[in-house]
Amino acid sequence: MKRGFASDNNAPVHPLIMDALQRANDGHCIAYGDDLYTSRAVEKIKEIFGTSSEVFFVFTGTAANVLGLTAATRPFNSIVCAETAHIHTDECGAPERFTGCKILSIPTGNGKITPAQVTKHLHGFGFEHHSQPGVVSITQATELGTLYTLQEIKELAELAHANGLLLHVDGARLANAAVALSCSFGDMITGTGADILSFGGTKNGLMYGEAIVFLNSQLAENFKYIRKQGMQLASKMRYIAAQFDAYLTNDLWKSLAEHANAMARLLAQEVAKIPGIQITQPVQANGVFAILPPEIIPQLQKEYFFYVWDEMRSEVRWMCSWDTTEEDVLRFTEILSKAMESRK
Amino acid sequence: MKRGFASDNNAPVHPLIMDALQRANDGHCIAYGDDLYTSRAVEKIKEIFGTSSEVFFVFTGTAANVLGLTAATRPFNSIVCAETAHIHTDECGAPERFTGCKILSIPTGNGKITPAQVTKHLHGFGFEHHSQPGVVSITQATELGTLYTLQEIKELAELAHANGLLLHVDGARLANAAVALSCSFGDMITGTGADILSFGGTKNGLMYGEAIVFLNSQLAENFKYIRKQGMQLASKMRYIAAQFDAYLTNDLWKSLAEHANAMARLLAQEVAKIPGIQITQPVQANGVFAILPPEIIPQLQKEYFFYVWDEMRSEVRWMCSWDTTEEDVLRFTEILSKAMESRK
Amino acid sequence: MKRGFASDNNAPVHPLIMDALQRANDGHCIAYGDDLYTSRAVEKIKEIFGTSSEVFFVFTGTAANVLGLTAATRPFNSIVCAETAHIHTDECGAPERFTGCKILSIPTGNGKITPAQVTKHLHGFGFEHHSQPGVVSITQATELGTLYTLQEIKELAELAHANGLLLHVDGARLANAAVALSCSFGDMITGTGADILSFGGTKNGLMYGEAIVFLNSQLAENFKYIRKQGMQLASKMRYIAAQFDAYLTNDLWKSLAEHANAMARLLAQEVAKIPGIQITQPVQANGVFAILPPEIIPQLQKEYFFYVWDEMRSEVRWMCSWDTTEEDVLRFTEILSKAMESRK
Amino acid sequence: MKRGFASDNNAPVHPLIMDALQRANDGHCIAYGDDLYTSRAVEKIKEIFGTSSEVFFVFTGTAANVLGLTAATRPFNSIVCAETAHIHTDECGAPERFTGCKILSIPTGNGKITPAQVTKHLHGFGFEHHSQPGVVSITQATELGTLYTLQEIKELAELAHANGLLLHVDGARLANAAVALSCSFGDMITGTGADILSFGGTKNGLMYGEAIVFLNSQLAENFKYIRKQGMQLASKMRYIAAQFDAYLTNDLWKSLAEHANAMARLLAQEVAKIPGIQITQPVQANGVFAILPPEIIPQLQKEYFFYVWDEMRSEVRWMCSWDTTEEDVLRFTEILSKAMESRK
């Protein structure tokens, strides 16, 4: 199969994760999470996020977002997020359907929402005609490859808490953000005051499985029922747990994310040398967004597959992953360069 | 970890499935199912169930049931099933929450519902106060280890169709049923007129993943949206597909299910030799149900873990799996025999 | 329009209720319940049920049941009720759809569930595969015209509370029950320990409107949002409130219900004189159930309309209402008597 | 009770509607809509909207919107509307909760959405990650007292249909729009190609009750179940029907709406004479929006109650209703004029 920059989900599973799956495949093990693999992986994650955290595995990032939000809301609440948020744009309405909540989206240039923007939605408290603001949800790294600073997360958490809301972080690419900001997961989440985290691994080398982390154990009170009723309780849970265990061992997550980010930087750097191409977002994590002449896109896609992000603007998205190679980047930018030249 | 008869979900993944996962772990692959592994596995399943069938992978058996039923109903419908059905007893209300439908359960002695029992719920058609009967759902093999004959399934399908309903089959243990009845999957489902199938693999040697099979492609019309909104679209779909591909290659499913069933028969046969133990259900698939003196249960569980099925009756459930060994059975029945003797 | 015994909903609105509507139709009044009519009616109902109660008006009995149950549950709960309960049989699945809960129904001969029957459903606590028992729901008077004694309600409330559940009472015909038992509404609900009441008026002379009474104000905490999101917040609330005010003034409710019950007793007494007709339920409120020869039913319906309750048994239901007259009863039983005679 | 300009819902019921309720209060009548009052009122409405229309009564405007949209969507759809739409701002998330759909809101200056704005949301068709655009919903007259021309509605209907969507009209104030545009209801809805209408009466003199009109009878196919499961089936339906019958007799709707609109025009005209007050929206129906000095608002509210619309801008809303008098307007504007003068 052709290589590409289409999605970090197109990459394979890291060999150390495969090894962990193989090692876990040994004899009988109680189903549904009441096993040693699960308790060990949960313990590891709780060490990262603090003793008052609670951890639950689910299958997909969408499920992590939706079920975490379900635990934090009642159906008459609203959830405030960026217009580009995965929960708003890429989950086919799953949050609305399962939480029953209204989603209030904020237009942004860079995928990041600000306290001032959120504040505009913080009204109507106690007014029964109005969905009651319940959660602010941000994505870190954002869907546009940008990052919130720790200070920015902290300010959003404080704004949320001051108004009785919770802060949810969609961390499908949390590792890419943490290495870019040179901070720990704990600094970014526990340290900033976030309340609920979708802690992703699939985009950074796992086969499947995400963790929902509640920073306050009270939020997790009935969560086992919510997960089961949400169709996300894995029977052979050990295989999700074993992946997370390996992911968090010897900083595997870090080396994978650092590599993906480095490849994105290299890609941006090489693209910057080609006249006529505009990079549209700061390259802070593992994604590069750029505006290309529309006529060259199809031929490029034949060599290295990627998606058009915004057809109107002829803006494309290139995602790097743990397995992107320097050769991939250099070969692709060479093809790109030639395509641009041949237009003249 | 201690071996046991607790659940076929406690067994590990079959080595050939692990091999398939390893082989699929090669290079880039388009996410979300638009890949060759998925199309090959889907094709294989369609060959089994016929050209008008449509196939979708999801993560869990609960999801297969709930999303399949969602495709087949509107929220004002009712779903008729046995009181012991997984959808009624073991899914924490997921079917009600996601389909919006009413579940009408039928008490049975053996986990099987009859046309006469179903008929009692086929009323109120066109009467808006009454949930409109929409689906009959059966489990094959049942939760009590019993089997519907092909003729019985056919009669339920005919009854359903004659009244404008559909027949859903929860086939979490479909392989165990097929080998026990010496028929193909197609004979059991396509041949009987069933409409929607939850085609399970996890209980028979897979790591994760189930297939929803719509026997009539019209039922699948909008299903991709239902699956996505149902939080069950796998990003790295190739790894579910690769498992099913291997499962259906060289009749792996058959040899695994035959073995599990054989172990259950052996277990029943050995237990039958021990005076004072009553086997409560015909042993037709891979489960054995028996009434034990309550005082010996805890000591047995220490050696080989299993669950009490009905505390009131002191009835236990022993499940055999693809990896249950003759030695497991013989050692366990020896322990059981001794425990019974020592009571005298 | 022909008179009949079809339903207490077929009766008109009592003149004193019409007068109250007319009196309330005076000038401007803040919408959505923030008005004096509403506060006065709410106060009156709180006087009946006690100072810790909270009261909310909605439009229909189905809404009263469903929204009251929504306040008392989370979607992973189950609700235990009689197989004949309105919430199970006559609300087209509204409780499942809106609460997300599973409904567990109990077969009964007389519409009443017993603590022993409920107890069979009180298991699986803490087990995430199982819908968590959350509410016991009873109907008083029942859909079969029978009554729970105060002691029976008390025992169900105690059983519920001892297991962490709540007791809900569908009181669409609460007035008929109260006059039959010679007790106050407070004796029947507050005095027995019930937690949530659907307090109906429409079947006893109102035009529209029901009250949801939470006996414990904590249950009402977010209810205004639930009602609004449940599409049951009346804009011109004063007109519901005015009806309840009149209903509770000078014991109007009592005289209407006493009359309806008396007519049912008279009907039963007259029917008992006719050989060949079997009355199938104790006549304790305003309904009479009887088995008739099927061939005479259509001709009777032409004179006085009523419904067949159970086609299989040829059992019919006759409901008396506040406007049923002695003449209605005597003329109808005369027609019935003649129809029976002419069969010989 | 003090008079005011707070809401057309604060007005009482028109005497001719009260008379109709009184006349309908005569003897027995089959419950749940199977009666002559209902069939007559439905027939009258069908005459207005055409023979392929279907009509259903519900209790509230929120219910009319939500249930109409439920009939027109599946949960994986999206609904496009103005940011100020009642379904987005004033229904506490009822549309999301009951339809399961995503609502996509468009910022507007005047409450009206344009084809160009809608078009921006018409993408992602067939892409399962994206809620599938299903309905365009407009309000006529809008929540800001402005109007769509017939041509504008027609263009939105054409855009919707060309893309496989339906056009929904929230007509809580349809009468005000029709008289302002000097057209019939049929011209505005049937004539423009709209598909679903919430046909309101409560804001224009009824006590309670709205009609859902499906312009194409296929949309109504299962609607009776949706209404019942949506808790909106009235038992004593005749009383809603009788109100609509009277409302549509001798153009009562027209004289009431004309009066309310005329009062709004008079109010705007008088206010325009007062220096320092900015009217912020064209006064096309029965509402007037204006920016006032914040410090005078509380004293005005003491004399004539009204609501602040936008606290930030100190913008208020004045609604006129069928019972607003010239004296109300002139007295209020005199008070307002004095309050403005005394500031100097």
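Think of it as A, B, C and D in the order they're written, each chain with its own count starting at 1.
Here is the rule we go by: a residue touches a chain if its C-beta (ideal position, glycine included) is under 8 Å from a C-beta of that chain, and two chains touch if they have at least 3 such contacts.
Quick caveat, the model's predicted, so the values are computed rather than measured.
Q: Centre to centre, using CA atoms, which chain is the farthest one from chain A?
A: So the chain farthest away from chain A turns out to be C.
Q: What is the size of the turn, to the nearest 5°, that moves the C-alpha atoms of chain B onto the matching ones in chain C?
A: The best-fit rotation has an angle of 180 degrees.
Q: If you average the CA atoms of chain B and of chain C, how many Å lie between those two points?
A: 41
Q: So how far apart, in whole Å, are chain B and chain D when each is placed at the average of its C-alpha atoms?
A: The mean C-alpha positions of chain B and chain D differ by 51 Å.
Q: How many angstrom between the C-alpha centroids of chain B and chain A?
A: Distance between chain centres, rounded to whole Å: 34 Å.
Q: In chain A, which residues are in touch with two or more of the other chains?
A: Residues 32, 75-76, 91-93, 97, 100, 128-129, 132, 225, 228-229, 233 of chain A touch two or more partner chains.
Q: Given the complex with chain C, which residues does chain A contribute to the contact?
A: Residues 32, 74-76, 100, 128-129, 132, 222, 224-229, 233 of chain A touch chain C in their complex.
Q: Under the touch definition given earlier, write down the residues of chain C that touch chain D in their complex.
A: Checking each residue of chain C against chain D gives 1-4, 6-7, 9-13, 18, 21-22, 25-32, 35-36, 59-63, 66-67, 91-94, 97-98, 202-203, 207-208, 225, 228-236, 239, 305, 323.
Q: Could you pull out which chain A residues touch chain D in their complex?
A: On the chain A side, the touching residues are 75-78, 88-93, 96-97, 100-103, 128-132, 311.
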